[in-house]
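In the part that follows, the structures are each spelled out as structure tokens.
The following pair of complexes shares a single chain, chain A, combined with chain B in the former and chain C in the latter.
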Partner chain A sequence: MSVSYRPVGWTRSKIVYDAVLIAGIGLYLAAFMRSAPRGRPAGTLLDDQSLAIKAYGSCAFLLLTLVLMIGPLARLDARFLPLLYNRRHFGVITCTVAAAHAMAVFDWYFAYSPLSPWVALFATDTTWGDLRGFPFIPFGLAAFLILLVLAATSHDFWLNFLTPPVWKSLHMSVYAAYGLAVLHVAFGAFQDARNAGLPVLVFGGSTVLVTLHLAAAWREHRLDRRGPVDATGWIAAGRIGDVPAGRGLVVPLADGSSVAIFREGDALSAISNLCAHQNGPLGEGRLRDGCVICPWHGYEYRLRDGCAPAPFTERVATYKLKLEADMILLDPKPNPLGTTVEPIAIGERGR
Partner chain B sequence: MTQHDGIAGPRTDEFFIGWSGKAGPRLSRFLAVVAMLCLTGMGFIGYGLSRHADDPAAGLLRLGERDGAGGPVRPDDWGGEEILRGHVSRFGPPLLHLPPSGEFPRGRVMLLAGDGKKGPDLPAGSGPMELRGSVLRRGAIEMLVVEGQGQPLDASTGLNPAMHEPLGRWRIAGEICDGKCYAGAMRPGSGLAHKACANLCLIGEIPAVFVTVDPIAGSRFLVLAGPDGRPLPADVYDWVGIPVELQGEVERIGNVLVLRLELTRMRRL
Partner chain C sequence: MAAPAIIVALGQAWLLAGLAAGVAFLLFGLDRRDAAARGAYGFRPLLLPGLVLLWPLVLWRWLEPPSPSRQPSLRRSHKRAHALLWLGLACILPAILATALALRRHDIPVPASVRIDTGPSERDE
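Let's turn to the complex of A and B:
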């Protein structure tokens, strides 16, 4: 939680996270450019520059696949949540590897010419009319530009400047970047591929990714089937017994947002399920001292009024609850930010 | 309760708070296993992709010259600097004609390029010249990469053009490549992935070659010339790096074939 901006708030977990990531990339590149070529007959070796282009390109693709797997994995199994937490560093590092790929291409394919590499980039392949020979480099360029914008706006400053919803939708374009990267390889390297390695990486990777997203969405869809709205507008949110111990019961609303109902001691409270930081799922957070801790980056909100404890200033909306027997009813209209709502006592019903 | 004091929840349900950087022992173990899997996985994938990557010389849609065992013909190592004297012709791209010898009874013809993706720096016109540079060689194709400026020699040197022999009109299937990469500068670069790079060479006046599916009069490649022997027009860039069928007059000049391309008869395969 920051009230003033620092370039990066380093913690031990972030350092370990980045170290593992960088070690993985180091291993990949060393295996690709150093160990594996030693196992090949001399005449079949690529020049070092082409080898580097392929190593960085495939590494960037692999990283992009991995970073996009984290979201659905965390939705399917909460133990993956810590990987989500530092995902922005992952993204920036992926962009750096993609930049190394692009620079290697510039220094080899687009160099040694009287023409400027920038002119060459746009002037050397313009066969737009032929699908079997369609220019594939523009797809890579577009993917890279998206990664660059996302990396540049990854800091909390931009999150607050753009507001979380705008930031979040901007960062959804990482999926467009992934699609463009698939097209880049499908229209490029695949066209001449004579072995299955790259196709397996690209189609295998994207199939796993799509499957994970579908599995996560299916799971959420099943959890989301809840009671209908009654005449007064209140929603049947669930039974007291449905509220998991120490966690929130997540109630989806018709407008696409959702509410998290928590039980602390013998009383229930409801706040928005969306963290004011990056829309993290507060319902999957934990309770401590009357506050909900967001599972993504650890922002805290008091259950009573949805406010972060001082000196922090973030706020989420509270919601009104009432009980009918052991059925929890929820008013889907959010209270104005900062409204205090007394927790409703369960009394005998929850025992 | 977990070891995070005051956080409600069953013991098995460890919770990680990002900024605190603490994870319980079970979660830590889980994350350590995930990290190890990622690390070894990345090492293996990198090794596997590179170890089994396509043989670059076997590119060209399996076109091009084959060695005795049916394998691709590989580029020779770059030779040292040589000084060569011969006749430079300007029919299509400039070609260096070296005098006939036992091995090359009709005369030996080299393609010419400059340093990088540029054509050679030659005196205007054709005629006897002295050129300095190193030779790129892959099987039957030879290209002199000219250093500095070629020097004109006077006509009395007796350096004549190699034998010309018209072979008639042909319709041929293959792939257009830049002569320098095909001769081995990029060991060799070919195909669609290499198209932009090849076009940059052609724009820089590196001669184009047409690598054929079937041998034509004993050769697996032809030097491409524009209609009437003029340089290739820019339309050709769209036809590089993909399977195409070309038509035109073929001529044998020394030990190489030259195809005078008829632009209206190019066909995508």
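Let's turn to the complex of A and C:
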């Protein structure tokens, strides 16, 4: 490791991101509190506590839906990538809103019970045998516990400590949290047929989510099947004109890895697209002095050998390239770490 | 003891064990385990909730001999798992929602509003 931990690695863009998000949440809650009472039939006015429970609950559900949209959106269109880089703050904020919902529930439903609120939480709502009136609170609690574990393990330390595969598996449980939240709402608030906005939020949200995730998976599946151009195993990575200025051309390979091809001046080089730190997308990084700067935490790698400049020690694999007219051919076998590959000159072809 | 009380007692025991393990790890384990933590103190309180919740995992990683430095990974893992998972969710979510809608009750009695406060209220006007 080459950087020491900080509580939060604040950058300007993260501050803006969080500010926009929190302002949006504030607007949503204020709008909900003002307009929801008006939409209800006469004689069914809600007390402020119930209103707060509904405002926080629906806000948490909306945020969970939105945060799960970021991944596939970024895979489908690179313009959404900036949303991805700060997704962890989004997750922690979602968990906080869910906690506000849960606390409002405790204060209203369980605070006046002679039992401790926690015992009361498990003691009510036990008609497990009947789908009608099926207990929905345990689903909400389980969803919240998952969000809590994910928020609590969102710091970089956890990724290193648990190792990336374990951390990723753990954080995949956010999908279980979403499923549980859907169950919580479906068997809870949904059962009251007077509630019209919520079905729209849940139906609409889940349809969009499923569509986006399947579309992103389908697109990657198609890209992954790009085969070699000839028997020697080189694959067609794209044309010289496809390499964006100042960024990398990301080439997904059949084995699930991906390579970033960069053009600096008149020369092309290729390195692994995954940062050695936390698999950040190097292909999205900026170039400076022959190095690519990882967009996530700023680690740098020299394009010619994939090594971080001294005193740092991180390395990523380099790949071999060659040109055929203006077509870039890529050898999909990674070089051993630290192998220097001279950038190939474009010459007249790139003009 | 009744089931709800047992669940709550188990939860409390879990958190207490987690607190002990978590504090011990912050004091004695962290610096040895992770070089980037040496000399960095501000972030430690942030770790405690996770240490408390996941203490068995923490003990497991703490006691395991440190692995030699890892090779950087070349592929994004879990891609296949993702695709399969969302195919599954594409079937399960509509099923849940359709069931819930079918069970929806239109006959919930609407209780008449009763004013319980004595002060002026703007909402009931």
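Methods note: the second predicted complex is superposed on the first by the 212 of 351 C-alpha atoms of A that agree within 3 Å, B and C clash if a C-alpha of one lies under 4 Å from a C-alpha of the other, contacts with A are read in each partner's own complex, and residues count from 1 in each chain.
What we mean here is this: a contact is a pair of C-beta atoms (placed from the backbone, for glycine too) under 8 Å apart; a residue touches a chain by one contact, two chains touch by 3 or more.
Remember, it's a predicted structure, so these values are computed and weren't measured experimentally.
By the touch criterion defined above, A:N86 lies against chain B but remains apart from chain C after alignment on the C-alpha atoms of chain A.
By the document's definition of touching, of the two partners only chain C reaches A:N279; chain B does not. When both complexes are overlaid on chain A, the residue A:S58 reaches chain B alone and has no touch with chain C. Touch criterion not met for A:A142: it reaches neither chain B nor chain C.
By the document's definition of touching, of the two partners only chain B reaches A:I293; chain C does not. In the superposition on chain A, A:A31 contacts chain B only, with no contact to chain C.
Shared-chain residue A:G246: touches chain B; no touch with chain C.
In the superposition on chain A, A:D192 makes contact with both chain B and chain C. Look at A:H155: by the touch rule set out above, it reaches chain C but stays clear of chain B.
Residues 1, 37, 43-45, 115, 120-121, 123, 132, 187, 191-194 of chain A lie at the contact with chain B in one complex and at the contact with chain C in the other. By the touch criterion given at the top, residues 1, 9, 11-14, 20, 23-25, 27-33, 35-37, 39-40, 43-47, 50-51, 54-55, 58-59, 62, 66, 79-83, 85-86, 108-115, 120-121, 123-127, 130, 132-133, 135-137, 187-189, 191-195, 197-198, 201, 245-247, 264, 286-289, 293, 295-298 of chain A touch chain B in their complex.
Across the interface of their complex, chain C is touched by residues 1, 3-7, 37, 41, 43-45, 115-116, 118-123, 131-132, 148-149, 151-153, 155, 157-158, 160-166, 168-169, 172, 175, 179, 182-183, 186-187, 190-194, 199, 202-203, 206, 209-210, 213-214, 217, 220-221, 255-258, 272, 274-276, 279, 314-317, 334, 337 of chain A. Contact residues on chain C toward chain A in their complex (touch as defined above): 2-5, 7-8, 11, 33-40, 42-43, 46-47, 49-50, 53-54, 57-58, 61, 67, 70-79, 81-83, 85-87, 89-90, 92-94, 96-97, 99-101, 103-106, 108, 110, 112-113, 123-124.
The touching residues of chain B, when paired with chain A in their complex, are 4, 6-10, 13, 15-23, 27, 30-31, 34-35, 38-39, 42-59, 61-62, 74, 115-118, 186-187, 189-197, 199-201, 203-204, 237-238, 241-242, 268.
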